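Lettered A, B and C in written order, each chain numbered from 1.
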Amino acid sequence: MIALLVRDLRLTFRAGGGFGLGLAFFLIVTVLVPFGVGPESALLARIAPGILWVGALLACLLSLDRIFQLDFEDGSLDILATAPIPMEGAVAMKALAHWLTTGLPLTLAAPLFGGLMSLPGQGYLWVFLTLLIGTPALSMIGTFGAALTVGLKRGGLLLSLLVLPLYIPTLLFGAETARRAIQGVDYAQTFAILAGVTAGSLALLPFAAAAAIRINLR
Amino acid sequence: MDLVVRDLTVARGGVPVLEHLDFTLGAGQVLVLRGPNGSGKTTLLRTLAGLQPPMAGEVGLPPEAIAYAAHADGLKAQLSVTENLAFWASVHGTRDIVPALKQMNLESLADRMAANLSAGQKRRLGLARLLVTGRPIWLLDEPTVSLDTASVALFAEAVGAHVAGGGAALIATHIDLGLEAEILDVTPFKADPSVVATGAGAFDEAFL
Amino acid sequence: MEDTRVRQKNDRWNWFWAWANPVKFMSWTGKALPWFIGLTVITVIPGLIWGFFFTPAADGFQESVKIIYVHVPSATMAIQAWGMMVVASLIWLIRRHHVGALAAKGAALVGLTMTVIALITGAIWGEPMWGTYWAWDPRLTSFLILFLFYIGYMALWAAIEDPDTAADLTSVLAVVGSVFAFLSRYAVNFWNQGLHQGASLSLDQEENVADVYWQPLVLTLVGFGFLFVVLVLIRTRTELRRRRLRAIELRERMQDA
């Protein structure tokens, strides 16, 4: 299974566009928001954690359809399904590869981009921490969505439609925790739930995603 | 390690396409599936590979005996020949890819990106992929598509070597591979509409 | 497939599941449907008339408050439809009864419609009450989220050609989606804290509402319950007929071939 992870990482780096594209998209969203709402620092500071979270979430969405689509087209998925590794494990590895090439770079970049959004001092740490805890759930949920739509010809748009509602709890708890931490309000509860959503997704969704893959290969 | 098929019915999209299939594939045998396009050869191979459930009947085979290859070989253009093979080898729990490279005459191409291989070389890589699975029964779906005569001969040779070494192969193809093979024409097993539609347990009886 | 059939035959609940056989289902729902329509008519219409015209005007409320007799029942149905969808999906996943999958599909459309009605009537009611058509109040927000979930579920149904594959995948989505929908419902309570105070909505007030207003509301709630049954039955019957049509077409194609 490590081999699958290594292969997917290698493919993302060699195919180009992989994480560079997601990061560039994230940067552009962050740059566009001040153009839209005006340059006033106080306003930007207030909305910064939310904008960074939404931006990261959308950037994460961009590369989801590639998780299974290429493997489906070239028959790799068929071979994986007949291979001795469990599909659940393969799905989890795919999600991990997606997180390492998308979620992690976004998390690392978010504090940098926070500077553009006049993020208050406390915010750098908390936007980073909440994204670090929350983005694995985004990758796992996205992998589930990609598994549902893998056999479809124009699955991209449908994938967004299916996945975005599922992202709501993570987005809510993530951004809320960052906001509360910045305001100095008690954030322990929302932070714990954010971690709980991630843990639950990682534990259960590989099974749902693997089931969806098997159904789609039939 | 025989592949034993008993009274098998396979379905595509919930509709039976082939029924009452009975055959055995033993070590050292090659079985060639014949039949017009859309007759259900691919469906049969996918069912035997365990990718879809049979509609009725039994497929008997030892666990992890099947290596399935469709038109696409699951090869990545951005990976080198060695990387492609090493990946599939480790997924199947085998480590050594050198014999496969040697047998498919790919040693000199080991470091080349799969994107830069010719069609024939790609197919050889696909066969090497089958070799590294270490599995005895090959299920091949139209393996000679887009191959020239020389490559077809090379392919037939590889299948022959595998079978001579105690393996077996079930191949859906239209062309004569020049192998010593039994032919299974699937046409007589085509699901009979009158029986299927009216018999007990008909596929869509629930709705009528 | 064979195994499922044998298992179903040996099940001591077989008499119960037999009602889900498509042919039998069509026959008994065909007979039951007029009765349910009748029950709907004699509850919804009097309930609405009673609620709209024969309740006294209350202090502090304008006439617009009477939209409650549509708003609350439709909102209740919207949530119940999701619940039914999940149960029906599980029946399909576990027991492989086609009626389960198709009833889930039918319930989704009814649920989506009820959600839209609840959102619209809520907006119409909200304007005179709180001076705005929309606020990111937890209850409003969770209905908007429910709306998004329904859309996604139905889009997946529409996108997949093979009906059994579609049934399988949408069922998986319904089960997984429910967990996330529930989480979202819970999440908006945290998220809205401190932003909106005092926008307490419909249900909280009903607790103080006098019996004069309660009684017609109960009647409309019961009526909408029957209406829901009627609509879901009609939708499910339509979907079953569609599948039947498909089966007939497939047979013809096989005979031609």
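One rule holds for everything that comes next: contacts are C-beta pairs under 8 Å (C-beta built on N, C-alpha and C of every residue); 3 or more make two chains touch, one makes a residue touch a chain.
Only a predicted model underlies this, so the values are computations on that prediction, with no experimental measurement involved.
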Higher C-beta contact count, B-C or A-C? A-C
Select the chain whose centre, defined as the mean of its C-alpha atoms, is least distant from the mean of all protein C-alpha atoms. A
Most widely separated chain from chain B, with each centre as the mean of CA atoms: C
Using mean CA coordinates as chain centres, what's the gap between chain A and chain B in Å? 37
Averaged-CA centre spacing for the pair chain C and chain B, given as whole angstrom: 47
From the mean C-alpha coordinate of chain A to that of chain C, what's the distance rounded to whole Å? 31
Flagged in chain A as touching 2+ other chains are 218
Enumerate the residues of chain B that touch no fewer than two other chains. 53
Parts of chain C lying in touch with chain A, wherever the complex brings them together: 145, 148-149, 151-152, 155-156, 159-160, 165, 168-169, 172-173, 175-177, 179-181, 183-184, 186-188, 190-191
Interface residues, chain C side, partner chain B - complex: 1-2, 5, 21-23, 98, 162-164, 240, 243-244, 247-248, 250-251, 254-255, 257
Contact footprint of chain C on chain A as seen in their complex: 141, 144, 148-149, 151-152, 155, 158, 161-162, 164-166, 168-169, 172-173, 176, 189-190, 193, 197, 200, 205, 208, 211-212, 215-216, 218
Report the residues of chain A in contact with chain B in the complex, numbered from low to high. 2-4, 6-7, 10-11, 14-15, 71, 73-76, 78-85, 217-218
Partner chain A, residues of chain B touching it in the complex: 46, 49-53, 64, 66-76, 78-79, 83, 86-88, 90-93, 129, 133
